[in-house]
Amino acid sequence: MERYILTIDQLEELYSIIKDEYKLISPTLKDGVIQYSQNIDFKDLPFGYTQMESAGFYTVKTTDDCYFSYIRPYNSLKQFLRPPKVNFMTVRRIDNNLTFEYHLKYEKYAFFDVRRCDLKALYILDKVFIENKYPDIQYKTVRENMFIVGVNCLKASDVCFCESMDINFEEGYGADIFITEIDKNFLVEVLTEKGKNFLNKIKLKKQQSMNLNKKEEVIEKFKTTIKKKLNTENLKDILYSKIDSPYWEELGKRCLSCTSCTQVCPTCFCFDIREENSLDMKVSERYFVWDSCFNQTFATVHKFNLREKISHRYRQWLMHKMAYWQDQFGTFGCIGCGRCITWCPVKIDIQIETQKLRDL
Amino acid sequence: MEIKLNPLTRVEGEGRVIVSIKDGKVNDVFLNIFEPPRFFEGILVGKNYDVAPDITARICGICPIAYQMSSVQAFESAFGIDIPKEIEDLRRLFYYGEWIQSHTLHIFFLHLPDFFNLPSIFEVNKINPEIVKIAFNLKRFSSKLIEIIGGRVSHPVTAAVGGFYKTPEENNLKEILKDINLVLEDTVKAIDYVSRLNFPDYSIENVLFVSLKDGDNYPILKGDIYSSDGLTIKKEEFLEYFNEYEVPHSTAKFSVKKDGKHYIVGPIARFNNTFDKLLPLVRETAKKYSITPPIYNPYRSILIRLIEILDCLYRSKSLIENYRRIDKATVDFEVKAGVGVGVSEAPRGILWHRYVISETGRILEANIIPPTSQNQYIMESDVKRKLLEVKEDEIRERVLEAEKSIRNYDPCISCATHFLKVDKLYLNNR
Amino acid sequence: MKIGVFKFSSCDGCQLAFFDIAPEIINSEYIEISYFLEATSFNIYDRFDVAFVEGSISTREEEERIKDIRDRSKIVVAIGACAVSGGIQSARNFGNFEEIYSFTYRENYFKDINPLSKPISDFVSVDYTVRGCPVNAEEIIEIITSLLLNKTPHINESPVCIECKRKSIPCLLVMGSPCLGPITVDGCGALCPSLNRGCYGCFGPIKGANFESLRDLFKERGFNFEELIKTGFNAYNPYFRGVIWR
Amino acid sequence: MILQNPYCLINGKVIKVKRENYNTVSVWIRSDIKPENGQYVIFYGFGRGEAPITVASYNDGISLHTIRIVGDVTGYFNRISEGDDIYLRGPYGNSWDLMEFEGRQIIIISGGLGIAATRWLMEEAIQNRDRFKEVISLYGVKSVDDLLYREEYENWSSKIRFSVIVQNPSEAWSKDVGLITDLIEKVKIDKDCGVFICGPDPMVKAVVNQLYNIGVDKSNIKVSLERHMKCSVGTCGHCMFGPFFVCKDGPVFRFSDIDHFFDKKGV
């Protein structure tokens, strides 16, 4: 593996080279939150900002101890890999014959600054959309054509609990290059050919022996900032045994069934297929639209909703993330990013509730 | 004997003409509006001031921005808020969008079919799809403009006391510049076309023209109230000079000048009072088609509306070109007790709001005078002139003409919040 | 398909959706507008395949008229907050009618006005509802095309929140302002939140939404839940009655 | 690229249409699908969307589908006639595995429309009759009007033990009246038999309990389930039932696998 040390100016150079070649997505401060956005200038990266996050609470403040001072953005990569609404097919009717046009619209994306939890989320989504007998071509195409710059977190927020969710801090999770900020310089580890080609474009001096230990130090220090912990030992079986617990009703009383948690979760993948027809009855557009198990129409059979109560829907969500997923894909469906905790208006905390259920 | 004629069509809201017959002839005519009152002034009492722009917008689905602008300005004047130029410009632009939208709707969808003796734009489309296409282009353009600033076309959501909840991104707004030349051309084409139509010979008599005067601007967002008999007053003085009264025999509140003179508001009044404030380019075009003040023939109001659209388009163009987004969309202010008056030129004329506000920002009293109730008198008298003395068996025929003369004023019946008498509706078809 | 567009107590804003889609209507061979006072002078008041009804019922005359329209129509679609919930004018339902009346008029010329402004579903059966103040023209298209295809229209039943997240709009409640999004049906595309203001509920409540939990949250944050609903154009929606207004 | 798209629809031709009863039609379709016994396809109706429908039988490029007209997509079949084009994709899901129980007693239990999913199974069992100890097929419906495939009964009865029971008594029905469980009571069931069930959830529950009480192992019971489906390839999440995607892990399940989740409200 090649390693380099970059200064902030060289990092900027790297950034602009990537931007020249790809549609670059990077975090920025917009509408009061740090979020992934397109076409961001290097100077508009949220360097020097950090979020204060807790259940149902979010605010941004400045800090000046480092560049990558913030944590993972509000939205996640699924926004770009499988956008909220995709017109995947147009059906035209001429007399009684139908013609079909299938759309594959994709961008050559590069993601600058993806944290390990979100990288792992892509691994999980790959299992859904690619490691499938019928791979999803939209997702697969974007995935195969993208470039990822991973970044090591320096500090966790109060909602992060990635460490509990089997994250491996050694693993690159498919990033092309990985950046660790060390004393305001940047250790760049090159993990793929694509990454190598990019770095060859800027004149850099190869890194000598030193910083490896430093990197370990940074990661170890980061780990001490993760306060939230979930005991996942034997979690699936324990949760399966709690499927009839009266505690779900308690949760059902608090949950608004607002769908927010599912929509901000980087691994929630459910979608609906919708038809939009023209008034002349000649064209029908078909769309993928993000759906949520909290929607009342989600599990209807013959117009009757199988998950009638909010408690049913909350159970579906938590059980899916923490238990079913393991049977389905061999991993947890949760990577511990804490987004659903921050963005639940009524402060339902999936880690606390899961822990409570297991301890019940 | 009283005959109630069919509901008025192609007007905004519900109204009808009632004629009373004596000796086989019409001896009196009323304009009867049976749109049920929705008691906005009553509803507003007790509410917090900040919901008034959204609530009053619902008085009218066609000119909600006018309501929002008059009401935010009323509170701003009560709280002593100074609005920076950038916000005022954006408000003007927003308002131009509404004028274009509302005028387009009236000109093409409601008014134009009359000049062909056709029932609706759908039939006009069959004989002249070109002009209908222009209508749709204008409609689409103005919808886009309103949407970019206000979020949606009817009852937009960004207007706030002190400014906007959010101002539009520069590139979003600038993007519509690419369409503006097309609609400018379209408008000139429409003026050319409409000016060659047949206008019935008719002129209104003995009325004053009342409109706002706002420096060098063609009046829209604010101004002093000016009457063509030479009177200029501050917005706060309106009720000292004009009187709204309720009439028992029928319909809505009427308005007169306290000296007993009747007046009209709206395009004709604005045009006659402030022709010189139109952009020079627009004035040139108007002159070219012999659209010059004073205009007394209400049928020609359709041309005035087109001229106003042209003016709005040019002004919008330069406002958009010069638009710079400001970070802070609202100015800071403190809520305090007081009385606030706001007035603006809705597409149909002067729209006057007055609120009494408590220390905590609760509305204690609300009074809204919309343009349509101010135009009631003239509409009714035009109808009277058309129908009085008409023989009983000719009424049905003649009433069509009468209805057309009402449409000249683009009455917005929903606007007139103050309607009184509610009658049974006769639903038999014409 | 014979369509009638009718108006009751309202602002006309919802009917405008038909002007928005006029180009498509003109081009469609399947649609015939047979009654629409605002758009045409040639109206046939006979039988209708679909009656689109705007406005609330607030006079006795309107009670009669809506029943008559129901009798003549195969399908009745309530369009807009007025028709679905009673509209902004139903704010009077929560006050003293005489008083509210007197704030607007000095004289007492009419007797026919009902003290309460009610949704049309209080008087006749309604087949479909299109929510919003005003409605979104796309939902009208969905209704018309679905009826032409003889299928159930897809009408949104998810909350505004889902659309906020789809559009990466930060949750206003979490960021500290009052918002009715979680209990309000989407259809506007999260319009207000996208423009930096809390949802004021113009599309109305979701059936079976967890009103209590949101009310508790409002209380905790010091926001006035009931007042926001009362100024939100859908206060008299049947879903609120018996739950919020006991 | 396009060929890989799981949402690509293929064209089929309607060969024959038969009205089964007041709300159900059978259609025979020639297309390029190559289904296995127990699988289903997705039908598309213009502007309406898609619906999963079982392959009720298949022979030489022609598949049979029996469709109850209940809603938007199925409504499309109300107007279908011979020679029409139809658009579909698939086949999807797993299949019944009859041979797992070779040499043993086979019991096929169908409720209502469920017989659409077991018809091909019966046909296969009849073809391979000599490889099983006994083949029993029991079919229950609410009322006589609901009966499907009436013209086949005679043929089936001559080859396997096939009985029908109708819940609501009526003059038009002279045979067994009652619930499917009544029919089961009447047959002698081997403890090691293989059972195949398709029917409404409450029926499945009752039947499984009954068989379990007799001593049939739940791992020898297979059921075909029904859920709301959109994508049918395990990505849209709608058909999720406990840890299973009914669309791809099913529709056929070994009952012992789903036992823990079956009959739990809202799972």
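Labels A, B, C and D are assigned to the chains in the order they are written; within every chain, residues are numbered from 1.
Note that a residue touches a chain if its C-beta (ideal position, glycine included) is under 8 Å from a C-beta of that chain, and two chains touch if they have at least 3 such contacts.
Small disclaimer: the values here were computed from a predicted structure and weren't measured.
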| item | value |
| --- | --- |
| Centroid comparison with chain D (C-alpha atoms), farthest chain | B |
| Which of C-D and A-D has more C-beta contact pairs | A-D |
| Computed distance of Cα centres, chain D from chain A, in Å | 39 |
| Whole-Å gap between the CA centroids of chain C and chain D | 43 |
| Centroid distance [mean C-alpha coordinates] between chain C and chain B, Å | 25 |
| Chain A-chain C separation of Cα centroids, rounded to whole Å | 37 |
| Shared interface positions of chain D, touching two or more other chains | 46-48, 71 |
| Multi-chain contact residues (two or more partners), chain A | 275, 277, 281 |
| Numbers and ranges of chain B residues touching at least 2 other chains | none |
| Contacting residues of chain A [partner chain D, same complex] | 88-89, 91, 93, 96-98, 100, 102, 104, 128-129, 132-137, 240, 243-244, 269-273, 275, 277, 281, 284, 286, 291, 293, 298-303, 306-309, 311-313, 315-316, 320, 323-328 |
| Chain C-touching residues of chain A, taken from the complex the two chains share | 31-33, 35-36, 56-59, 74-75, 79, 84-85, 253-260, 263-264, 274-281, 290, 292, 295-297, 310, 342-343, 345-346 |
| In the complex, chain C residues that touch chain B | 7-16, 19-20, 22-23, 25-26, 33, 37-46, 58-59, 61-62, 65, 68, 87-89, 91-92, 95, 99-107, 109-110, 112-113, 117, 133-134, 188, 191-192, 194-197, 200, 202, 227, 231, 233 |
| Contacting residues of chain D [partner chain A, same complex] | 1-2, 4-9, 46-50, 70-71, 84-85, 87, 226-228, 230-231, 233-238, 240, 242-245, 248, 260-261, 264-267 |
| Residue numbers on chain C that touch chain D, as the complex places them | 145, 149-152 |
